[in-house]
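Both of the next two complexes hold subunit A, though its partner changes from subunit B to subunit C.
Take a look at the complex of A and B:
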C-alpha cells in the first residue's frame, strides 16, 4: 500500500511534545495512516504534535486534509476565527511541499520551524 | 512535431506514485524545469485521485494519461471511462477562512486550476471523460537546446 512511514518520538519542552517524523509521500493512499496515527496518539493523551516534514518528498491536498483534521483534533479550546494552531506545528518542510503549503495558504494557519529545538520550545 | 508519452493505470490509489513518477520522467525528457514538474505531479495526482474516488468510486477501471510537448506548451490529457466528475462543479475552498471554520476537501480542484494555464474538461461521446491540462512556455525549445549544446 502506501509508501509512507511515521516514527513517533517524545520530547519535553515547556510541555510534552509528540514528534511525528514522516518519511515518504503523503497522498490519497497514505494520508489516512497519518490521521489515524495522530488520532491514536491524541487518544493516548498527546496534546501537542510536531510534524517533522524533512523527509516528506511529496504532499498533495490529502496531506493538508490530514493536518487540518489533526489541528481540529487538538483545538481543545475550540478557538474560532483567525489563529495559528497552538498544538500542531510543522518542522522543515522543503521543496515542493513548502511551495504547496504557501499556495494553499496553510502558512497563515500553521507555525513552521526550521530548527527542531526552537520548534519544541515554542509549544 | 510533437512528442507523446503515454501510460495506462488501473484505477487504484496505490498507483498514484507510479503516475507521479511518469510525470516526472516525461517532464524531464521534455526539458521542463523541476518546479513546474513538481506542480504538474501535484495537478495530475489530484485529478487522478478525483477520478478514482469520485468517478470510479471503488469500481474497477483504467485511466489513460498522455503527455505531449506542443511547441513550448505542455499538454497532459487524462481519460477515463468512469462516471462524470466535472471539476467545475466543485466548490472552491475558502482558503482565507481559519482552519477550524473550513470544510475539508475541494483543494485538489483548486490546485488544478491554480497551477495550470487551462484545464478543459469534457465528456467523451458514448462513455468516459477527458481532462486536458495546459501549461504554457515550459517545454524546452529543442532548437535552442541544440544550439546551446
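Take a look at the complex of A and C:
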C-alpha cells in the first residue's frame, strides 16, 4: 500500500480555486484521505478544485472513485449528470496515470491541463 | 489532592474494595497525582511499565491502534496487568477528556498489599473477574463472527447464482471459463447467453471496481441489467428496423444493452461512485463475426490460427459513472482455428512477493505458446500465474473466458 500527501494552496483566477497538490499513490489505502480532505475544504467554502497530479505515480480504481465523488460534491443541482465537471479539473497527470485516465475514459469527463495558469484561468 | 480524598477514591475502586482502612491509607500515601490532557497517551502498548493508575475523574480509552478495547471512567484502574506480572503493556491507554489519575508504583503496591491477606484476596478476585469478563466478550464476539461468516457464505452462494450455471454448447466452438474470487464475494463476473436459442452468443467479462460486498452487490446489478436489456431488445423488433440478425441489428442490441446499463447505474447510483470495466461481445457462431464494445477493460487477445495475434483495444470508457458516456462498437472476425482470450486485471496485475506484476506481456507469451486446446491454454496460463505469484497471496479476483473456433479450414 502506498503513501500519499496533499498540499493545499489557494489561487485567484476568475474565481477562487483551491489547488490540491497530491504526491504519491492514490490507492485503496489513501483515496479516503483525498476524499476527506476535499470534503473538509468544500465544507469550508471551496467550490472549485484543481487536482495537481504531477507527482502522482499510481492511481487505482479507488482514486477514480474518489475523483468522481469529489465532482459529485461540487456539482450544483442543475449540473447533475453534466458532461464535463465545471468544478473539478486535473493538472498534469503523466505516465501510467495518464494512460489509465485515457483507458477508463475519464479524459472525456474531466478537463485536463498541462499549464497551471491556464488551468486556474479556466474556472 | 488531600489524603482523605485519595483514600476515598481507592476505597471506591473495585480493585481494592476489600482492603482495610490502614492499607488504603498506606497506598494513598504512596500514590501521586497525575493530570492528563484529553488526547494524551498515558501508556503505550509494548512498553515496559511499573506503574498502575486509578482514575479519580475523567475518561480514558484502552486501545490497540485504532481498535478501542474498552472505555474506563472514575473508580476504574488500568496498567495493573504489567504491574502484577512485570510483562510489557498489553494495550495503549489514551485520555478521552481531561483526566485526573492517581499513579502507584509496583514496589509500593506489593510492599503495602502483602501486609493484608484480605487486600491480596481482593486483588486476585478482581483480576479473575476481569478475566471472566474477557472470556465472556471473546465468546460473544466469536459467536458474532460466526454469524457474519454464515451470512457471507449465503452471499457467496447467491452470488455464484449470478454466474452462468453452465457454459452453453455451441456447435464448432469450444468455450472455456475460469473464475476465482480473492475473497468470499467478488467484483469480477462473466456471462454467456444466447440472444435467441441457437443463435448469437453474447459474451461478457467484467470487473466492478473495489472488492468485497460492495463490489459484489454492484456485480449482480451490472450482470442483470446487461442480460435483461439485451434479451429484451433481441425480442423487441422496435429496437431495430430489421430484426434479422444482421450486423446492424446485433450492434443495436449491444449498444442498447451497454447504454441502458450505463445510464441506469450512473443516474440511479451516482452517489456510490461505482463503475465497471466491461468487454461485451456478440458472436455469430456460424460466420465467426464478433461485434463488441470494450468499455475500459483489459484488451482481449485474438490468437490467429496461422500465427500472429490481434489486440482488441478499448472502444470507450468504463460503465456506470457518466450518464453521457458514449460507447463505440467494433467488429472482428474469428476465423477457423482462431481463439479469443479475455481476462480481468487479476491476471495481468497478479503480484509476486516483490510486488512485480504478471503483465500483459507474460499473458501474450503464454497465449502463443502452442497449446492444444482452450482448456490447455487456460491451465498453462493458471500455472504461469501461480508459479509467478509464488507465496504471495491472491490480491484480486481472477476471471478468464476463452472462445475457440474449432472449424478446420
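Annotations for the structure displayed:
Operating definition for what follows: the second predicted complex is superposed on the first by the 116 of 123 C-alpha atoms of A that agree within 3 Å, B and C clash if a C-alpha of one lies under 4 Å from a C-alpha of the other, contacts with A are read in each partner's own complex, and residues count from 1 in each chain.
We adopt the following convention: a residue touches a chain if its C-beta (ideal position, glycine included) is under 8 Å from a C-beta of that chain, and two chains touch if they have at least 3 such contacts.
Treat the numbers as computed from the prediction; the structure is a model and nothing was measured.
Overlap between subunit B and subunit C is detected when the two structures are superposed via subunit A. Applying the stated contact rule after C-alpha superposition, one finds that A:58 touches subunit B and leaves subunit C untouched.
Comparing subunit B with subunit C, more residues of subunit A are touched by B. Shared-chain residue A:3: touches subunit B; no touch with subunit C.
Applying the stated contact rule after C-alpha superposition, one finds that A:27 touches subunit B and leaves subunit C untouched. Once the two complexes are laid over each other on the shared chain, residue contacts for A:99 go to subunit B alone; subunit C is not touched. When the two complexes are overlaid on their common chain A, residue A:87 makes contact with neither subunit B nor subunit C. When the shared chain is aligned, subunit B and subunit C each come close enough to touch A:68.
By the document's definition of touching, both partners, subunit B and subunit C, reach A:109.
After superposing the two complexes on chain A, the stretch of subunit C that clashes with subunit B is 272-280, out of 110-118, 272-280 or 308-316. 28, 61-62, 64-65, 68-69, 72, 80-83, 103-105, 109 are the residues of subunit A that lie in the contact sets of both subunit B and subunit C, per the superposition on chain A.
If you check the complex, the residues on subunit A that touch subunit C are 28, 61-62, 64-66, 68-69, 72, 80-83, 103-106, 108-109. The part of subunit A that touches subunit B in the complex is made up of residues 1-3, 25, 27-29, 58, 60-62, 64-65, 68-69, 71-72, 75, 78-83, 85, 95-96, 99-100, 103-105, 109. Every residue of subunit C that touches subunit A in the complex is listed here, in rising order: 209-210, 266-267, 270-271, 273-275, 277, 295-296, 314, 316-318, 321-325.
Residue ranges on subunit B touching subunit A, taken from their complex, read 13-14, 16-17, 20, 35, 38-39, 41-42, 45-46, 49, 52-53, 93, 95-96, 98-102, 104-105, 107-108, 110-111, 114-115.
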